[in-house]
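Per-chain residue numbering starts at 1, and chain names A, B, C, D, E, F, G, H, I, J, K, L, M and N are given in the order in which the chains are listed.
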Amino acid sequence: MDNVSIIAMVSIFTAGITMAIGSIGPALGEARALSQALNAIAQQPDEATTITRTLFVGIAMVESTGIYCFVVSMILIFANPFWNYVTRAGG
Amino acid sequence: MDNVSIIAMVSIFTAGITMAIGSIGPALGEARALSQALNAIAQQPDEATTITRTLFVGIAMVESTGIYCFVVSMILIFANPFWNYVTRAGG
Amino acid sequence: MDNVSIIAMVSIFTAGITMAIGSIGPALGEARALSQALNAIAQQPDEATTITRTLFVGIAMVESTGIYCFVVSMILIFANPFWNYVTRAGG
Amino acid sequence: MDNVSIIAMVSIFTAGITMAIGSIGPALGEARALSQALNAIAQQPDEATTITRTLFVGIAMVESTGIYCFVVSMILIFANPFWNYVTRAGG
Amino acid sequence: MDNVSIIAMVSIFTAGITMAIGSIGPALGEARALSQALNAIAQQPDEATTITRTLFVGIAMVESTGIYCFVVSMILIFANPFWNYVTRAGG
Amino acid sequence: MDNVSIIAMVSIFTAGITMAIGSIGPALGEARALSQALNAIAQQPDEATTITRTLFVGIAMVESTGIYCFVVSMILIFANPFWNYVTRAGG
Amino acid sequence: MDNVSIIAMVSIFTAGITMAIGSIGPALGEARALSQALNAIAQQPDEATTITRTLFVGIAMVESTGIYCFVVSMILIFANPFWNYVTRAGG
Amino acid sequence: MDNVSIIAMVSIFTAGITMAIGSIGPALGEARALSQALNAIAQQPDEATTITRTLFVGIAMVESTGIYCFVVSMILIFANPFWNYVTRAGG
Amino acid sequence: MDNVSIIAMVSIFTAGITMAIGSIGPALGEARALSQALNAIAQQPDEATTITRTLFVGIAMVESTGIYCFVVSMILIFANPFWNYVTRAGG
Amino acid sequence: MDNVSIIAMVSIFTAGITMAIGSIGPALGEARALSQALNAIAQQPDEATTITRTLFVGIAMVESTGIYCFVVSMILIFANPFWNYVTRAGG
Amino acid sequence: MDNVSIIAMVSIFTAGITMAIGSIGPALGEARALSQALNAIAQQPDEATTITRTLFVGIAMVESTGIYCFVVSMILIFANPFWNYVTRAGG
Amino acid sequence: MDNVSIIAMVSIFTAGITMAIGSIGPALGEARALSQALNAIAQQPDEATTITRTLFVGIAMVESTGIYCFVVSMILIFANPFWNYVTRAGG
Amino acid sequence: MDNVSIIAMVSIFTAGITMAIGSIGPALGEARALSQALNAIAQQPDEATTITRTLFVGIAMVESTGIYCFVVSMILIFANPFWNYVTRAGG
Amino acid sequence: MDNVSIIAMVSIFTAGITMAIGSIGPALGEARALSQALNAIAQQPDEATTITRTLFVGIAMVESTGIYCFVVSMILIFANPFWNYVTRAGG
């Protein structure tokens, strides 16, 4: 169990778990906002345009935290500085 | 327990658990939005078209976090750079 | 405890737990939407057709996250690339 | 503790726990839908036929996730490819 | 601690815990439906027959997930293929 | 710590914990149904007979999951096939 | 740490924890039903007799799951077949 | 760490934890019933006698599960058959 | 780490944790009843005497489970039969 | 790691954790009662005296469980019989 | 890892965790009471004086459990009798 | 891993975790009170001065528990008596 | 497992988990505020401008805590002073 | 695994986890207050100025606990006295 496999092991596990945990918040949050938007449209059909626009701008902000997790996850898999160091150093 | 089996073990476990945890948020979230949409249709049948359209666009955004997890899971099984490194290196 | 048994052990456990955890979200979610649909039908019997159609399209989307888990679970049991590698390599 | 007993041990445990966890979601979900259906019938006795039909179609879809778990559990006990490999290989 | 005792130990523990966890969902679910049925009867005594019939058909479906757990539990105690293998093989 | 004590240890622990966990669901479930029945009687005293009859038939079904746990628990203590095997085999 | 102390240790711990966990469900459940009964009496004083009778019959059924746990706990302390075996066998 | 200290250690810990966990259910349950009784008296002062009597009979039944835990706890400290065996046997 | 320190260690830890966990239930329970009593007095000032009396009798019963925990805790610190045995036996 | 440090270590940890856990119940409980009292005063300013008096008597009873924890914690730090034994015995 | 560092390690950790856990209850509790007080003032501005006075007396009592934790934490850091013993004894 | 690094390690971890856990209670609590204050202002704009004043005095008291945690955290990092002892003693 | 791989391992894991946990709060929080904003727009379409402005300023503040986590995560991956020290020191 | 890597490892992990946990409370809390503020503006548009001002002053106080966590996190990474000691001491 040399350095290479330790770094690889931790990188794989962290990449997966970061994405997994990081999807819970945005998914539930966006769904809540979406759910409320549908309710608001049903109550005020005339405001559907304003509501929909606010909804999608807001969801984009909520999605951003999920994107951060995806970015961290991708960095750990494909652009991991620690991995580059140990593989360049010969492991 | 050489490098190959460590990487494989962690990859398999992470791929599964990422998909498993990553399905909870979207599934509950989409169902919540769907549930509210059905309620909204029952209250405002005339707005069914607007509601349904907003619903499916929104669900697609919620589904995106689940898709991220599925993508990470597939990368870990079929395009794992760490696995490629150790199997190419001879394990 | 050679490589073969480690990979097999982790694959079996992950396949089971992925399916088990992955069934919670869809099951509760679909039931929530179904529950609301029954309520909506009771309130607006005239919209039963629209509600039922929206319900089953929506449930199909919720079910998709459960299907992802089932797919990952089956891949780990019957088309596991790591298992193929170690059994082909002689274990 | 050779390979045979490791594979058997993990298979037994996973088969049980998959079924156990996988029964929680469907059981609670179906009961929730059933509960709401009874409520809907009490409110709209005239729609009892539509409600009951939608209920049982929906419950069948919810049950499907429980069935997936049961299938995985049975595969692990009676058609386990990893078990077949190690017992055929002599353990 | 040879193979026989490992398999027996895991089988006993899994059989118990599967039944234990698997009883929570159905018990709470059936009780919820039953509870709602009593409420519905109190609101619509004239529909008592329809409600009761739907209740017991539905409870039978909820009970099915508990039965699956009981089946898995009994298979592990009395018809365990792994146990048969190791005891026939001489342990 | 030979085979006999391992099997005994696991059997004792599993028997207890199965019964303990298995009593939570039925106890809370039956109490919920009972609670609702009392409420229903207070609202519709004239339907007390129907309510009480439905209550006790339903509670019997809920109790069944608790009984399954008790059966598994008693089998593990008094009719444990694994225990019979190891004590007959000489431990 | 011979067989006698292992069996004793596990029996003591299991007896206690079984009773402890097994008291939560019945205690909360009975209290819920009792609480609702008091509410029902306050709403319908004329039905106090019916309510009280149904209450105590129902509580007896809820108590039964607590009794099962107490029985298992007492069996493990005072009539433990595994303990009898190891002490008769000389430990 | 001979047999005497193992048995003593487990007995002490189990006695404490049994009482601790066993006090949660009854305490919360009795308080819930008491709380509802006070509410019922405020709504129906004329029924205070009936309510109070039902309350204290019911609380006695809820308390019974706490008493079971106290009994098990006292048995483990002062009348522990396993302790008697090992101290009589010389440890 | 001889017998004396093992027994002492477990006794200290159990005494503390028993009291700590055992204080949660009664504290929350009594506060709930007290809270409801204040509400009842505000609704029915004329019944303040009956409410207050029922309150304090009831709180005394809830407190009893806390007292049991305190008693067990004190027994473990100051009248521990296992401690007396090992210190009298010379450790 | 002789006896003195084991006893000291466990005493310190238990004293802290007992007080920490033991402060949750009373703090939340007293605040709940206080919160309800403020509400009751706002609804019935004329009963402010009765409400305040009942409140502080009740809070004193709730506080008692916190005091028990503080007492146990202080005994473990400053009047610990086990500590006295091992330091008098020479460790 | 001699006695001095063990005692120091446990003291540091316990001091921190006691204060951390002990701040949750009072913070949430005081905020709840404060929140209700603001509501009460909005409903009955004329009673603002009585409400505010009762609020701050009550908060002082809730704060007391937090103070106990702070006291225990400070004793463990600055007036720890066990630390004094081992440092005076030479470690 | 000598004394210095043990003390440092525990101090660092405890300082962080104390602050982290200790920020949850006050943050949620203050936000709850703030939230209610905004609601109260909307209902009674004329009382905005009284409400705001009570709010900030109350928040200061809630904040105090967070401050205690920050103080403990800072003491552990910059004025740690145990650290001073071991570094003065030469580690 | 030299210093380099320890630091790398911990840095990778911490970077991922910090981002993952740190995305839950902001995602749920922003979605809650967004959800309420949509509701407010539906109730007061005339205030849509004020509401939207307050919403996005507020969300920016909520997002700030998520940004802090992202910053810490990036520092640990790309500007880690501990990593720089050990790699400069030769590992 | 010398002192340097231990201190570094613990500092990295604590810095991350402190920030991660410390972001949950403020994020949820600020969002709750913001959410209520939007509601209040919709109910009382005339008070928008007062509400917004109170909101941002209050959010600044809630944010303060998050800032404390960020400060502790930065101190541990960039101004860690324990790290300075061990690196100055030669590790």
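By definition in this document, contacts are C-beta pairs under 8 Å (C-beta built on N, C-alpha and C of every residue); 3 or more make two chains touch, one makes a residue touch a chain.
The chain lineup, named per UniProt: A, B, C, D, E, F, G, H, I, J, K, L, M, N = ATP synthase subunit c.
From a predicted model like this one, the values you see are computed outputs, not experimental measurements.
Trainee: Chains in contact with chain E and with chain K: which ones?
Mentor: Per touch definition, common to chain E and chain K: zero chains.
Trainee: Can you report the angle of the rotation that maps chain C onto chain I, using C-alpha atoms only, to the nearest 5 degrees?
Mentor: 155
Trainee: Chain E to chain F: how many Å between their CA centres?
Mentor: Taking the mean C-alpha position of each chain, the two centres sit 11 Å apart.
Trainee: Using mean CA coordinates as chain centres, what's the gap between chain D and chain N in Å?
Mentor: 43
Trainee: Measuring from the mean C-alpha position of chain F to the mean C-alpha position of chain N, what distance in angstrom results?
Mentor: 48
Trainee: How many angstrom between the C-alpha centroids of chain I and chain F?
Mentor: About 30 Å separates the centre of chain F from that of chain I.
Trainee: Give me the residue numbers in chain K that touch at least two other chains, ranges are fine.
Mentor: 1, 11, 13, 15, 17, 19-22, 24-26, 28, 30, 32, 35-37, 39, 41, 43, 55, 59, 66, 73, in rising order.
Trainee: By the document's touch definition, which label belongs to this structure's chain graph: line, ring, star, complete, or other?
Mentor: Chain contacts: single closed ring, each chain with exactly two partners.
Trainee: Quick one: what's the order of chains around the ring if we set off from chain F and go to chain G first?
Mentor: F, G, H, I, J, K, L, N, M, A, B, C, D, E
Trainee: Under the touch definition given earlier, write down the residues of chain C that touch chain B in their complex.
Mentor: Its residues touching chain B are 1, 3, 6-7, 10-11, 13-15, 17-22, 24-26, 28-30, 32-33, 35-37, 39-41, 43-44, 46-47, 50-51, 54-55, 57-59, 61-62, 64-66, 68-69, 72-73, 75-76, 80-82, 85-86.
Trainee: Applying the document's contact rule, which stretches of chain D touch chain E when the two form their complex?
Mentor: 1-2, 4-5, 8-9, 11-13, 15-17, 19-21, 23-28, 30-32, 34-39, 41-43, 45, 48, 52, 55, 59, 63, 66, 70, 73, 77-78, 83, 87
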